[in-house]
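Right after this note come the structures.
In what follows, chain A forms one complex with chain B and a second complex with chain C.
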Partner chain A sequence: MMRYFKLVNFELGRFFKLYGVIIGITILSQLVGLWVVSNSYMERANYAMFEENLSPAQFVSDNGEMSLLVLTRTLWFLGPIALGAIALLFNIFFVWYRDWFGKNTFIYRLLMLPTARINVYLAKATSILLMVLGLVAIQIVLLPVESVLLKWLVTRDFRLDLAPAEVVSGFRELMIILPAGIIDFILAYGAGIMVIFILFTAILFERSYRIKGIVFGAIYVALATGIFLSPIILEGIIGTNYLYPMELLVLEIILGLIVSAASIWVANYLLTKRITV
Partner chain B sequence: MKKYWKLLSITTIAVLAIGTFYIQKAIANENSLELALDTVSGEVAELKGMEISGGYFDNYWNKRFTITAGELEFDNNDSFIGSLERFYQPKINQLINDHRSFMRGKNSDLAGFYEDEQLLAYANVDSKWDGQSRYKDHNFEIDVLQKGENERITFEQKVPNQQDYRYMYVMDVQVQDGQLSIFTRNEGNTDAPTEFRVYRFDLASEKLISEDSLMILDGMNSKKWHEGNLVTTSTETEPTENVVFAKTEMEEVETEYEEYMVEEKGTEYVAYNLSTMEKTELDIPADLSTDSFNELILGSTIYFIQRTEQGLTVISYNLENEQENELNVDFPSTDQGNMIVNGKGDRLYIVGGDSKELPITIVDVNTGETLYQGIYKKKGANGVYQLFSIDNIYIK
Partner chain C sequence: MIEVKDIKKKFGRKQVLNGVSFTANKGEITCLIGINGVGKTTILNAIMALTPVNSGEILLDGQKVTKQSFEKITFIPDAITMIPQMTIAEAMEFMDDYYDSWNQNRATELLGFFKLKQEDKISSLSKGNTAKVNLLLGLALDVDYILMDEPFSGIDIFSREQIADVFTSHLIEGRGVIITTHEISDIEHLIDKVVLLDEGIVLKEFNSEEVRESEGKSVVDVMREVYKA
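Up next, the complex of A and B:
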C-alpha cells in the first residue's frame, strides 16, 4: 500500500510544475477577466446613465444584470478550463510514453521496483484523477472569491449575486465538470475513471506488441465500449425500451465496473507477461 | 509524511472543496430566481390535484419546474437522476408504479392506453421501415390487463389492406362491452388520402370484428388541403362515450404584399358514438373553431375557448341536445401567449404559456363561475426577454 502511495506522489511530482502553471493561468485569467468584463459593463452603464439619461433600472432591464454568469461566457473563463482539460487528456498518453522515450528508459526502473507492477498502472491512473479533481476544486474555490471581487467592482444596482451552485447551474457547460448532484458527480467521474483504464490498457497493448499492438488496442477499446453500451445498442436494434430508465442505469453501473475490472486484469497480464522495454 | 505533501494537499483540497460545494448546495438550495404566485381571486386550495410542468427561461436562467397544488418547485435541474425520474409524464409514471410488468416495453404515448376500474388496455401499430420510402407490415399489438384477476389478454393481428397505408398510428383506444376500439390515423400510399379509421376487436375471441372509415382528409391540391385531428378527451386514457374528430380545410392565399399565408377555411366535426357505432356530422358553425384557441371534450360537451379583449369566452356545444352555450371568463393576463387547457369533471383548467407570465384560471363549466385565478411572475427585475413555457397539465 505504501508503495502505491509513494508511486502516486511520485507521478504527481513529475507533472507538478506544469500543473502549477495551469493553476496559475486559471486563477490569473479568471480574475483579470472578471476585472475587464466588470469594468466594461460599468463603462456602458455610466455612459447610458450620463449621456442617455437612463436610470439604473432601465439599463438593467435592457442589458441584464452583471453577474458571474456574464464572466463564464467569455474566453477568460472558459480558456483556462479548456487548457486544463487538454493538458490532462494529453497526460493520459504522456504519463506512459515519457517513461519509454524520456532519458534513460525510466520504465525499466519502474518495472523493476519490488512491488506488484499493477501498482504502477493504478498510481498513474490515480494521479490523473487527482489532478482533474484538483482543478475542479480550484474552480470551486475561485467562484466565491470572484463573487466578492464582483461586489467591489460593480455597484449594487447593477449586480446579481449568485451562489456558486447557481453559477454552475446557470451555465450548462460548467455542469460537465460539476454535475448537478453528488450522485451525478460520482457517476460522471466514475465513467471518466473507466475511460482512463480502457485507454491505459490500450496503450499497454501497443507497448507490448508494438505495431500489431495498435490493432489489438483499437480492438480492445471497441470491445470495451461495445460491452459498456450493449444494453443501449440492443434496445436500439429491437426498437423498444424494454428496461425502465432506473434499471438501465443500474445495469450500466454494473457493466462499467465489469469493464473497469477487466481492463485492470488485462493490464496486469500485459505488465507481468508481455511488456517489452 | 512531509515527503507526500503533493499527494496530501491535492487530496485534501479536492475533498474539502467538492464536498463543501455539494453539501452547501443540498442544504441551502439557494435560489436567486424567485417565481411567485399572485392570487387574483379564489382560494389556492382549488389548485389541489393539478400538476403543471414547464420551464422558465431568460438571458440567464434556464430552469424547469413543477407546480403541484400551487406550490412551485424547481426540478433539481438537470440532475441526471432527477431527469430519469421525470423521464415519463406523470400519468405514465403512475401506470408504471401500479402495473410494472404490464407496462414494460410499451410505447409511452398515452394515446395508446385506456383505463377504467376493471381493465387497462394498450394498443399499438407496429410497422417496419422498408428502407426507402414507407413503412410496411403494419401489425396491431393488443395487450389488455384485467386488474382484478391480474390476467392478460395479449394478441396480434395484421392490419387488413395494409398495402394501402404508408404509415399508421394510434390516436385513441376505447373499450366498451368487451369490445376494444382502436382509432387510427392512416396515411395513404401514393395518391390515396389520409384517413381516420376505427378497428373493433372482440376481446373474448381475440378477433377483429369490424372496421370503418371515420373521416377522409384529401389534399385536393397544393393550394388547398385538409388537416385533421382528434378533439382530445380530457386525459386520453379515460372511458368516453363519443370520440370526436375535426377536419379543417386549409388554403394558401396570397396577400397584397405578395406573401403567402395559410388560412383556415372552416372545420367540420364528426362524432363517433361507441355504443351505437354510428357517426354523426355535427352542426357546428364554421367560424367557431377558426376563432378558437383550444377545444376539448368533457363528457358529452365540446368546449371552444376563445381569447377576447377582456379575457376568455368559452362556448360549449352539447353533443346530445345540440345546444350551444356561452360564458365569459376573466383571464388574468394581457400577454398574448399560448394557452393549454385541460379539464376534469365539470372544471376547466386554463394555463397560459409562451409568455412573460404564467396565468392560471379554473372555471366551473356548469355554473360559469370562476373558481380560481392567479398568475405566476418573476420577482424583481424583469428583462426584455423572459419566457414561461408549459409542457403539460396533469389533473389527478
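Up next, the complex of A and C:
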C-alpha cells in the first residue's frame, strides 16, 4: 500500500510542471478575461449613456446585465477549461507511452518494482483523477474571487451578482465539471474514473499484443461501453422507458462498478502475464 | 539457481526461442553468447517476466518469478531504466524508496568506483557514464542474481575496462550473474559458464574452466568449433 502512495506521489511529480502551467493559464486567462470583458461592457455602457443619453436601466434592458455568466461564455473562461481537459485526456495515453518510448525505458523499472504491478496502473489512474480534482478545486476557488473582482470592475447599476452555484447552474456544460449535489458529483466522476480504467486497459492490450492489441483494445472499449450503456440501448430498441429513473440509475451504478472492476482485473492479467517491454 | 526450462517464444511468425534450456548458479558468471537477434535479450526479459513465453518454465530458486522476486534478482538492460531528467542522486533516492534490498553504502562506493557525480543529470551523461549509472542502480541492490544485457556495447575502452573490473571485485562476488554479449573478448577470462545460442536453441552449454583444463580450449576456440560446424 505504501508503495502505491509513493507511486501516486511520483506520477504527480512527473506531470507537475505542465500541470502548473495549465493552472497558471487558467487563473491568468480567467482573471484577465474578466477584466477585459468587464471593461468592454463598461465602455459600451458609458458610450451609450454619454453619447446616446441612455439611462443605465435602458442600457441594461437593451444589453443585459453584466454577470459572471457573461464571462463563462467567452473563450477567456472556456479556453483554459478545454485546455485542461485536452491535456488530461492526452495524459491518459502519455502517462503510459512516455515510459516505453523516447530515450528512457523507465517501464523496465516500473515493472521490476517489488510491488504488485497493478499498483502502477492504479497509481497512474489516481494521479490523473487527483489532477482533475485539483483543477476543479481551483475553479471553485476562482469563482468567488471573480465575483469580488466583478464588483470592483462594474458598478452596481449594471451588475447582476450571482452566487457561484448560480453561475454553475446557469451554464449547462459547467455543471458536468462542477456538479450541484454529491450524487451528481459521484456519478460524473465515477463515470470519469471508469473511462480512465477502460482506456488504460485498452492501452495495455496494445502494449501486450502490439498491432493485434489495437484491435483487442478497440473491441474491449466497445464491449465495456456496450455493457455500461446496455440498459439505455435496450430501452431504445424496445422503445419504451421500461425502468423507473431510479432503477436505471442504480443499474447504471452497478454496471459502472462491474465494468471498472473488470477493467482492473483484465489489466492485472495483462500486466502480470502478457505485457512486453 | 535460475532454471530456464524449454522456453519457446514467437514474435509474429518468427520463432525466436525454440526450446531453450539452461541453468545459472549462484556464485557463477554465466554468459549467453550469440549473434544479434538470436534471442539473448528476450531470454533475460522472460526471466524478469517482462515478456511472456509461449511455453516452458522459468524458476528462480525453485519458485516462479513474483513481485517478491525483484528483491532477489535484478536486471540491468542495455538502456537506462531511469528517467533522464533525474539526477543520479534522485535516481538513487527512487531506488531507496522502493527496494528494501537497496544498499546505499554500496551505491556510494560505486559512485566513487565509477567516478560519477551524484548531482549530474542522467540526460547530460556520456553513453559510457549512463551505462555506469545503470550498472550502479543494479549492483547497489543486495540481490542474489544479476542479469546484464550487453554491458559493453557501444562504450569506450576505458569505461569497458572499468566495468570489467567490477566483475573481479567484491561487488559481484557470491552472486549469480547472467550476462549477454556478442563480443566475448572483454570478459572471456571472467566467465564460469557459457551458453552458446543460435536459431532459438542452445547449441552448447559448458563450463569454461573445465574445457580449458580438459581440452585446452578457450571459449573462443569452442565458439569457432560450434558455430563453424
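To be clear about the criterion, the second predicted complex is superposed on the first by the 276 of 277 C-alpha atoms of A that agree within 3 Å, B and C clash if a C-alpha of one lies under 4 Å from a C-alpha of the other, contacts with A are read in each partner's own complex, and residues count from 1 in each chain.
Operating definition for what follows: a contact is a pair of C-beta atoms (placed from the backbone, for glycine too) under 8 Å apart; a residue touches a chain by one contact, two chains touch by 3 or more.
Keep in mind that what you see is a predicted model, and the values were worked out from it rather than measured.
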Revision key, fill the gap. Larger residue footprint on chain A, choosing between chain B and chain C, goes to B
Review point. Touch check for A:A137: first (chain B), second (chain C), both, or neither?
Key: first
Exercise for review: Could you look at A:M175 and tell me whether it touches chain B, chain C, both or neither (first, second, both, neither)?
Suggested key: first
Practice item. Answer with first, second, both or neither: which of chain B and chain C does A:N53 touch in the superposed model? Key: neither
Exercise for review: Considering only the touch criterion stated at the top, classify A:K273 as touching first (chain B), second (chain C), both, or neither.
Suggested key: second
Check your understanding: Hey, what residues of chain A end up touching chain B and chain C alike?
Key -> 6
Revision key, fill the gap. Counting only contacts in the complex, chain C reaches chain A at residues 45, 48-52, 67-71, 74-75, 77, 79-84, 94, 97-100, 123
Review point. Considering the complex alone, what residue numbers of chain B touch chain A?
Key: 3-4, 6-7, 10-11, 13-14, 16-18, 20-22, 24-26, 28, 30-32, 59-63, 76-82, 84, 87, 96, 104-105, 107-108, 381-384
Study note, to complete from the structure: Counting only contacts in the complex, chain A reaches chain C at residues 3, 6, 10, 14, 103-106, 108-109, 111-117, 272-277
Point to revise | chain A residues touching chain B - in the complex, by the definition given at the top | key: 5-6, 8-9, 12-13, 16, 57, 60-62, 64-65, 67, 69, 130-131, 133-134, 136-138, 140-141, 160-166, 169-170, 172, 175, 178-185, 187, 240-242, 244-246, 249
